[in-house]
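Okay, so chain A shows up in both of these, paired with chain B first and chain C after.
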Partner chain A sequence: MITLYDYELSGNCYKLRLLMSMLGVDWKTVPVDFYPGREHKSDWFLRINPLGQLPVIDDDGLILRDAQAILVYLASKYDAAGTWYPRDNPALLGEVSQWLAFADGITATASAARLHDALFYDFDVEAARTGAHRLFRILDEHLWFGEQEGRDWICSASHPTIADIACFPYIMLSEEGGISRQDYPAIRRWCDRVKRIKGFTVMSGVFPAGPAKAA
Partner chain B sequence: MTKTRCTDQVILDLWHPLAALSEVAAGVVVDTVLLEERLSFAIDGEGNAAVWRDRADLAEGSPVDIAVISGKLPLKLAYGYIWTSLGNPPADLFPIPEFDEVDRRKLNAATFGVNVSAPRAIENFLDMGHFPYVHTDILGAEPHTEVKEYDVEISVDRDEILATRCRFFQPMASTASDGGADVDYIYRVPHPYCSVLYKSSPLDESRLDVIAVFLQPIDQEHVRAHMLLCVLDEDNEDKVIKRFQQTIFGQDKPILENQFPKRLPLDPRAETPIRADKSAIAYRRWLSQKGVTYGVIPAAT
Partner chain C sequence: MLDLAKSRWHPIAAAHDLPLRHVFHGQLLGREFAVWRADDGYVNIWENRCLHRGVRLSIGINDGRELKCQYHGWRYSNRTAGCTYIPAHPADAPARTITNRTFAAIERYGLVWSAEEPQGEVPEVAGLAEGRLLALRGIPVNAPADVVAARLKGYRFQPSGRIDGSAAKVAVEAASTFSVVLRSSEADATTLAVFFVQPVDSNRSVIRGVLDGQVEGAARLAVLRHHNELLSRLRLAVEAEAAREPAPAPLEPVIERVSPELAEMPEESKHGRKATIRVEVARKWLAADGIAGFELRPIKGLLPTFQPGAHIDVHLPNGLIRQYSITNGPGESDSYVIGVKLERDSKGGSTCLHETVREGDVLAISEPRNNFPLRRDSVKTIFIAGGIGITPLLAMAQALNNQNLVHELHYFAQNEAQLAFPEKTSTLGASLKPHLGLSPDQTGAKLREILSGYGPDKHVYLCGPGPMLEAARHIAAEMGWPETAVHFEYFKNTNVIDDSTSFEVALARSCMTLTVPAGKTILEVMRDAGIDMPSSCEQGACGTCLATVIEGEPDHQDVYLNDAERKSGTKIMTCVSRAKSARLVLDL
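Here is the complex of A and B:
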């Protein structure tokens, strides 16, 4: 059984809850008091992850850190159809990896702005917001052109990949860092598509999709 | 008297919370903002504390001996928090007698920054109608959406709002719950920016859990929300109890931050209330009667 070291309000932890829910994988949770307790910097947690970061999983003794790395592992191990992380398609794998790195950029900007506003982290919030808008603009254009070609997801496939999961949480939570998605209509449509994936689950701050509009 | 950016004397004269004592490192300066004024505070770990206006010679994080600080602001340590005032505060803070009961768990669930006016946040705290939609499967669930008739009074001698006989079906009322139940609620608003709610304890039907929200106004449209839990729970670790409350608050946060206008309109014609909003109507009227102007849009006179 997978154990997830988890903080409810963490978008990076949510990525894993989201994928495990979509894959139908069971897991148990060890809550970590990230805030206000800073338990991720405690001695016991640093022995599990010396970087002092969430999330971490323990899958029958295999301990892994880093949200994107864990997405790769979970999809490779538990997705029998092999679509979430398409190991037999080099071009698609390259795209997935490219957007996983992009997701780290979203964490460094949109998530940083949220930590500043909600949890009082001492970050340069204007730089974080500017950086997030730059990334959102790039993703919005990418998704818009994709829609013109009949592509619904971030990567060139007819199905979502872990790149969609990696990018979704901190985009959905961006307004908590003062970053509006008003100007990114293709991102907003893509968010609704993610919310309609079977097995989708919410976290605090993310609401389910409304009823689908009749065409 | 130093000039303040906030000119609302009612608000200036109140006690305001700054931080949970359990989260302040002893002996070093901590900076914060209250009513647009930069303040600093420190505790010494022996039950002493001080609050003062931010100054260059006492930078955040530097060691400090609070005994030698001059120009201190009013100070109160209550309910696990440090409180101060920028005006002439009353001798006492509102009472929460349950805080003295020794078998209760007393925790700061968290202090969160929220992009909302303090009165909008209080009003949301008083509202039961959103439970099934915002706190789905925790504090409410469809089809149990009706807010049943309840009583609201403005207590003149205690100068607070009291909503009683509130009752709501909750699938998971607290960490100590083992299933859905009709839960009784009592709400108090004993301070324009603070509210205390009482709800049935799953452990002891003769007692009530206490959850309070103490809002620290940063400015008219931003708060630091401090959440006191004073609950009966014999089994769960502190972090599990905190996590439950943070989950709830995290669900409210986007709702609070998308309120428009951000300041609470006090004109009775500004927003159309329904029956379930009785306590909100009383709250708005009470703020009007007090002459509160900070964080609100006062009614036209």
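Here is the complex of A and C:
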């Protein structure tokens, strides 16, 4: 049984809840009071993750930190079809890794702006917002041309990968950091598609989409 | 300076920005829009604000027929933006008049155009042929529209047929504050490019470019990328230029207060049987054996929002007024579809519609009125239709089907040929259960089967011939269904009306006392005294002329009220019912 050290309002923890829900994996949750309790900096948690960051999982004794690393592990271990993290397709695997790094950039900007606005972190919020808009422009252009080429997802596969899951939460929560997505219509349409993946689940601030039109 | 003319058309989206089941977040001159395409193709441009709590509708759910707000689930209809459902009041039909603000929408040149108060037509561009053009990716720019348009005059690009060249000559063919027309030519290749600059806000714009001529396949992508790259480069330069100027203050659109009659439950309407809407019979067809279908389209404007269960009065050429239920599913708002069964031995309403009224004829109808409201908080809803009684229940079943709420539609008819509107019933899938050719006894047995297993929060809706309704109501009562869970609508009142009594009616609010003589109805006497009371069927079946009784004992002769409502003595149908006491006091 997987144990997730979890904070409900964390987009990085939400990534793992999303993928586990889509994979149909069971898990149990250990809530960590990130705010205002700062429990992720407490002695007991630092023993689990010396970086003092969420999320962490414990899968039968294997302890892993870092949301993107855990996505790789979960998809490799629990996705029998092997589509979420396509280990046998080097080109696609390269793309996935490239966009996982991009997701870290989204965390460093859009998530930082949200921490500033919602949890009163002392960050340079204007720099964070500017950085997020720069990334969103790049992703919107990428997704728009993807649509023109008949591609629905971030990587060039006919199915979603963990790159979509890694990018989704802090894009979807960006308005809580004062970053509008109005100028990114292709990102907004991609968000609808992610929400329609079987097993999709919501968190505070993320609303569901309605069903797609039956073919 | 930015031209703030509200009358000028601007593009606000590309057609490809509006896939089905999506809500686009638009903005023009500071005013935000929720933009969505319904499954029937209609493009809705609405104020981006739920009338309830002001939440943005651009994060709402487009279910193909209606837009649902994420906050408290208010639903608004395709086309009219009329509210069709308020979950906090599941037993009530929202007032038909609760309506969000809509804006004009026209699709042209691969773009969607709007304006706050448009005048004239969307501008025609010489050289751009509908269907033979390529819409570029819209480029949002953080700069004022006039600055962007000025910069676009210097835009240099290759013609689509020579995308790899580098020697194209580009000429400005026309330019204005919000558009630039350029022609690029190299050797034998030439391309016309029209750029419209959408003023999003005082310091924000979107460049929406359209090229003449179609390009296919890989060449198409190359052309799209060519312009995307060049326009992105132009954007960086314009934004750098704009950043040197002090940013103008954002525009503050006036969110108009919705007029009280649009925002609140309406007062009891003051008019009698008025037919305020003119419709054309767009289509008349045989919807089933003996049943004619009529599709009624408005002569101008939009039809009012309807709720499932609503009916309209149809004023017929022979002077008769008849009530017909609207059969439409949610969001089917471009016309009303009614079904009319031919009843040869009646007074001639159905005969007139079957034999006299033809396609293209104009009819006068009333606004829709709903005295048969549908609860949507039921754990299971059972509809029981007999013959033409299918019509209101068909609208209800489609509404529940669209919301994935549990329901069954039991449809009793003599044979398959008498099942009406197969194109609508077929969308209901397994929830449609036809029962064909049953004798009265067999019908009774089937009703017992259907009505067995009452549980809390189940509701049943009945519509059909009188004897079948009587039987179904009796069986429901026997099987433990409380009256509050049994909803019914009769076609007509077959009671023999006894109007031999004479009594006094006091109207408490109007401070008026009237005498109702034998041979006249309360409704007629009130109208004679200048009280304009709404009514529809005027035979005690539809529920429109309901009044509240404050004092006195009513003599009920209608078929609208259920037994509990009758016993309570607090309601009366003023078109047929009278008084057992010498005096009635009504809350009118």
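Keep in mind that, in the parts below, the second predicted complex is superposed on the first by the 210 of 215 C-alpha atoms of A that agree within 3 Å, B and C clash if a C-alpha of one lies under 4 Å from a C-alpha of the other, contacts with A are read in each partner's own complex, and residues count from 1 in each chain.
Throughout what follows, a contact is a pair of C-beta atoms (placed from the backbone, for glycine too) under 8 Å apart; a residue touches a chain by one contact, two chains touch by 3 or more.
The structure displayed is predicted, hence computed values, not measured ones.
Peer 1: After lining up the shared chain so the two structures overlap, which partner does A:S204 touch, if you call chain B first and chain C second: first, second, both or neither?
Peer 2: In the superposition, A:S204 touches chain B alone.
Peer 1: Output check: A:S158 vs chain B and chain C. Expected answer is one of first, second, both, neither. What do you get?
Peer 2: Neither partner.
Peer 1: Touch check for A:D117: first (chain B), second (chain C), both, or neither?
Peer 2: So A:D117 only meets chain B here.
Peer 1: Which partner does A:P36 reach: the first (chain B), the second (chain C), both, or neither?
Peer 2: Touch partner of A:P36: chain B, not chain C.
Peer 1: Examine A:Q148 and indicate which partner it touches, taking first as chain B and second as chain C; both and neither are also allowed.
Peer 2: second
Peer 1: In the overlaid three-chain picture, which partner chain does A:G178 touch, first (chain B) or second (chain C), both, or neither?
Peer 2: After superposing on A, A:G178 lies in contact with chain B but is clear of chain C.
Peer 1: Jot down the residues of chain A that show up as touching in both complexes, chain B in one and chain C in the other.
Peer 2: The overlap between the chain B and chain C interfaces on chain A comprises residues 207.
Peer 1: Within the complex, which stretch of chain B touches chain A?
Peer 2: Chain B residues touching chain A: 20, 23, 108, 110-115, 224, 238-240, 242-243, 246-251, 253-254, 257-258.
Peer 1: Spell out the residues on chain C that touch chain A in their complex, using ranges where they run on.
Peer 2: Of all residues in chain C, those touching chain A are 13, 16-17, 19-22, 24-25, 27, 39, 59, 61-64, 68, 70, 137-138, 140, 204, 206, 220-221, 224-225, 228, 232.
Peer 1: If we count contacts the way the header does, which residues on chain A are in touch with chain C in the complex?
Peer 2: Residues 141, 144-145, 147-149, 181-183, 185, 188-189, 192, 207-213.
Peer 1: Across the complex, what residues on chain A touch chain B?
Peer 2: My answer: residues 7-9, 31-33, 35-37, 39, 117-120, 175-176, 178, 203-205, 207.
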